[in-house]
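Each of the next two complexes has chain A plus one more chain, namely chain B in the first and chain C in the second.
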Partner chain A sequence: MDFRNTNAPAGPLTEAVRPVALEGNGPVTDEALILPAQASAAPLKFKRPWALLADRGAGTVFLVCTLVLVALIFSLLGFLAWRGAGAFVAIPGNTGRILSLREVFLGLDWSPSQDRFGVLPFIFGSFTVVGLSIALAGPLGILTAVFVTRVAPRWMRAVMRQAMDLLVGIPSVVYGIFGLATLLPLLSKGWLDEQPAAGFLASALILTVMIVPTVVSLSIDAFEALPSSLDEGARALGSTTWQSIARVLIPAAWPRLVTAVVLGMGRAIGEAMAIQMVIGNNPQWIGLMRTLTDKTPVLRFLFTPASTLTTELVQELPNTAAHSAWNNVLFALGLLLYLLTMGSILLTRRLSRRRA
Partner chain B sequence: MKKLDLRPRLSARIMDRTMKAALWAVALAFIAALLVVMGAILKQGWPVLNWGFLTKMPETLDAGGGIRPQLFNSLYLVALSLAASLPIGIGAGIYMAEYAKEGRWMNFLRLCIETLAATPSIVIALFGLMVFVQALDWSFSIRSGAMALALLNIPVLARVTELSIRGVAHELKEASYGLGATKLQTILRVLLPAAAPGLLTGTVLAAGRAFGESAVLVFTAGTNTSMMSPDFSLKAPGETLAVHLWYVVSDGTLPDAREIAAGTAAVMVLVLLVLNIMVRLVDRRLKRHAR
Partner chain C sequence: MNLKTLALVAATLGATAAQAQTVTVMGSTALGPLVKRAAEMYMKAHPGVQIAISGGGSMTGLNQIAAGNCTIGISDVYATEDQQKTGIQNHDIVIEPFTLVVNPSVSVRNLSGQQAEALFTGSVSNWNQVGGDDMKVIRINRPESSGTRAVQQKTVLNGKPFSSDQLIQDSSGAVMTAATTTKGAIAFVELDFAEKNKGKIEAVSYNGAACSPENVKAGKYPLFSYGHAYTNPAKADAQTQAVAEDFLKFILSASFQDEVVPKAGYMPMALAAKLKTKL
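Right after this comes the complex of A and B.
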């Protein structure tokens, strides 16, 4: 780094460099620095003028970068709202029928070819898959975090961290092909006498493995943020490790653990490709589940091919004409997804504020 | 005389042992899950993997196609999307770490970054489809895909930059100001170099995520490739490995769709493993260097 004064006349440099007139308004003024012999020389500037100029411009540049990011959020919301609204109100370019909110969001029948656009099957489908996977990933993730922070020896901690990094790094299509080529045959052989196994269970299992690293790493943060006096106090009163974990540490970390699970949920609800490959893609799943009688109710629930918000978008959006009613409803589903993730973020904020 | 027993109750001790064993079991189950997924992918893909598979053009109807253009497109798109998102992401991160003051504005910015980072990729895909493919009329092309991927990267990069800069020792910054450096000089010559290991790791993570991304690209880069390869044209259709894997399986016209999918998946897993190992090595070296 070279901050020496390049404007200084060739002379006794030591004199000129001495005082620290950082912004030029310190007690030592430029004038005071000029030695009698150099009185006619240009006034001293400690910083290169371009450095000061660049410094002034830089803040604006960085602010613009940030504003781009903010603008992205709102244009996302705006564009989705505009195209999604096209399903319910007339907007320019619209070619399809105008639907009513009621028939779309309270309708159970999705048959676009017969002009019926009920999206409840997808909403129920998404909630079912997310509910099942969070019921698995929540407790298991928290327990894994307990293991890593309280029970595991040091080498095992490193192994677990590496394992979680790898699990999070595997792309969703790779999970999808694993589900399709390995998990589904396994389930169908083990449970169903070779009948196809696509459905909620396979999706939830895949999704669990995908979101567990999120839950684990946030839960580890939660446990590590606790003061060590909590555990020490419990131990001093004679608790075993597990008693301290179950009665002191988990309750103390609870709000942050809930946040971890909610964020995991946010990830789960947006996952598309992996589920699309194993869920079977059947918008009529509610009806099918009612009519199938060859399986027990539990097996029917777990193994009926179904659809979710995300899988429906992946499955059908490429086949629809832009601005048709069908297309517009799909965009409305996208808007719904976006609002759901925004909701989960706001929920975690609310939770963490209450904690503070 | 009976000896005083200060240990916890027997039932509590048994419970403690049992639960510790259960915790080990849960942890080992996840490691097993990782090994099973990785093992199954590599085992199924291994017979397909050879030089021809990597360098041949794909077939549309017959068996025996390769993944040459997809492999190229994957790497090309990752590079382009990083080129587009790094300046904005790092700029925003610097603003958050060094310029924005704590308070409402900062809270709002944090909320924005969190929201964008949590936005499902299928929603980014819809946005890319509306804006790049339809409104700007770029059709399904490399440039649409690169821009949409950049949207995915920006919040990740911004957050990593902010955290890495905040992690730099305060003394370094003070020393720089003490030498008379301006704020910008301090950021460019002191803070960013000191934050480099974190930035690098974050960038590689973003690259890995972009490499494996499929939902966004199905709707922006499309499911076709250029007839020639490598094709650097930004207007060419840009199917990547991840999209190819999904498309051959769900389209189902290829007789060897499963084999191609398995081979593609194995290639992706191998690339990500190499990336993961590289990050570790570089990170270790940089940290030693910093010390």
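Right after this comes the complex of A and C.
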């Protein structure tokens, strides 16, 4: 909504800006001080009554926008909680069996058509995929940032940033198709004697490509924020470039680097589409890894078709009868995923506050 | 919810345009194109009628018709018992043929019922156990909530559970992609998908019979299911319900079944008229 009148050039804009700049309780910057000084010729009271109205109206508009957003978030959370609760307590409209928390959250066997609803494989699957991709994307992203900020020529920084922004903008289904059509056959031919390569490794690789831009961008920020005296001091004491980076710069930037990785993790937890296409989506993966003997344990772990919270949700939620036990458990999984994502966001905030 | 709103908007627009009778159809994305074709033809013949079709999947169609949110819910699977209790009525409108397919690396081109069952339940895990080369069997299935998987379990596995050593893909398209690129793969897909991927995939006969209208009619080929259209007479107003039933009658008419249905990858219901198998 635009409450700046196009007939009155610039006037109302400065009027609207000034009180905010003066009243703002944040640090008063030079810019904020200059603004009213430049406009000091204009009287402080509003020239036209509509400007005052617009100013008051603006406040209401902002408030309404915020309230709508907050209401949306909480109604979504409430919806998930309500439908998810149906799995464990009787709610109106429920047609399914009431399950115990124990059989759902401590169960290893997911076979809904045989009335078994253990969701541990999905939880383990999510943590494994996210863990693996963080283990890959963390070092990769941080070291790339080191290279870009400390070793590479200046122009490369801009190029790298552009490239990373491009990667962020690609829809996840494109990553998925790339994984399905290129990565899987490649892994299978190169490593597995043409057996299918779907599983944790392929998913972690795809996820790594998806979250590495976040980690790189934020890590570059982290290194750029360090005072140059750190590097200079280390060098003055006789450090080589590598010693300065490894013993001074990385430890100094560490809290921000952790934040970068946690933010990447937040994206990884919620990703569904791309993983779904390459992971193989097998809910019985835990049992399968135990019984299969045709590969070495490491290969079995990396290349057994598995599944995660998100892949299960995206595949089955639309295809189950509303209010059945199956459907309810899936909603409970959705709630769990929501809480996990929320947890990672809170973690990031905490970490970044500690930094400041 | 979104779909429902969309359908309502479409319905309202239709209704205000010409005071038309509006029938809303929701559900199976597989049956969607066929029903849409029928709707176009029907609306041409009945200018006062609007038929709005939206997707969402079979279970969405069943959920919505059970709740009375649409006039017809189309589905590849039967309604659940709980959904049946809401008084919805089933109309079988078309035969959906399925076929077993294998990656071209597999030399087997015919499977007995027993062999096919053993392949998917896991008691056979190498192609040399069913007359092929020494190669691991890679089973590519749909997710547990999929209608295709339900048909597969009923017809191929005779109700027995699937082997847990399986790859799962979300859609028939993704199953085909995986099956064409994976050595030793076997899958169960709609006939249409097998025909569209000829050359990259090989269809396998079942008990010596290929998937064809003749074999289905003769009762030699049991791997098929029915496309369902559900109505909810208790929750629809009488006039709309009458139009919906007339529309379904049109879909079942000989001209539509014989001319349009085969082109869409389905088979006419008449083929099953003398069959005793009830899927």
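Methods note: the second predicted complex is superposed on the first by the 310 of 356 C-alpha atoms of A that agree within 3 Å, B and C clash if a C-alpha of one lies under 4 Å from a C-alpha of the other, contacts with A are read in each partner's own complex, and residues count from 1 in each chain.
The rule is simple: a residue touches a chain if its C-beta (ideal position, glycine included) is under 8 Å from a C-beta of that chain, and two chains touch if they have at least 3 such contacts.
Values in this document were obtained by computation on a predicted structure and should not be read as measured data.
Steric overlap between chain B and chain C is present once the structures are superposed on chain A.
Contact with chain B, but none with chain C, is seen for A:L76 once the two complexes are overlaid on the shared chain. When the two complexes are overlaid on their common chain A, residue A:V159 makes contact with chain B while staying clear of chain C.
In the superposition on chain A, A:V314 contacts both chain B and chain C.
After overlaying the two complexes on the shared chain, residue contacts for A:M277 are found with chain B and with chain C alike. Touch criterion met: A:S344 reaches chain B, while chain C stays clear of it. In the superposition on chain A, contact of A:A181 is made with both chain B and chain C. Of the two partner chains placed by superposition, chain B and chain C are both touched by A:A322. In the superposed pair of complexes, A:E194 makes contact with chain C only, with no contact to chain B.
When the two structures are aligned on the shared chain, A:G287 is found in touch with chain C, with no touch to chain B.
Superposing the two complexes on chain A places one region of chain B into the space of chain C, and among 4-12, 76-84, 112-120 or 130-138 that region is 130-138.
Comparing the two interfaces of chain A, the one with chain B and the one with chain C have residues 180-181, 276-277, 314, 318, 322 in common.
By the touch criterion stated above, chain B contacts chain A in their complex at residues 6, 8, 12-13, 15-16, 19-20, 22-24, 26-27, 29-31, 33-34, 36-38, 40-41, 44, 87-92, 94-96, 98-100, 109, 111-116, 118-127, 129-131, 134, 151, 154-155, 158, 177-185, 187, 189, 208, 211-215, 218-219, 242-243, 245-246, 249-250, 258, 261-262, 265, 268-269, 272-273, 276. Contact residues on chain C toward chain A in their complex (touch as defined above): 56-60, 62-63, 67, 80, 82-83, 136, 138, 143-147, 161, 164-170, 174, 177-178, 181-185. The touching residues of chain A, when paired with chain B in their complex, are 1, 3, 20, 22, 46-47, 51-52, 54-55, 58-59, 61-66, 68-70, 72-73, 75-76, 79-80, 83, 140, 143-144, 146-148, 151-152, 156, 159-160, 163-167, 169-178, 180-182, 209, 212, 238-243, 245-246, 263, 266-267, 269-273, 276-277, 310, 313-314, 317-318, 322, 331, 334, 337-338, 341-342, 344-345, 349.
Chain A meets chain C in the complex at residues 95, 111-114, 180-181, 184-185, 188, 194-196, 198, 276-277, 280-284, 287-288, 292, 294, 305, 307, 314-316, 318-324, 326.
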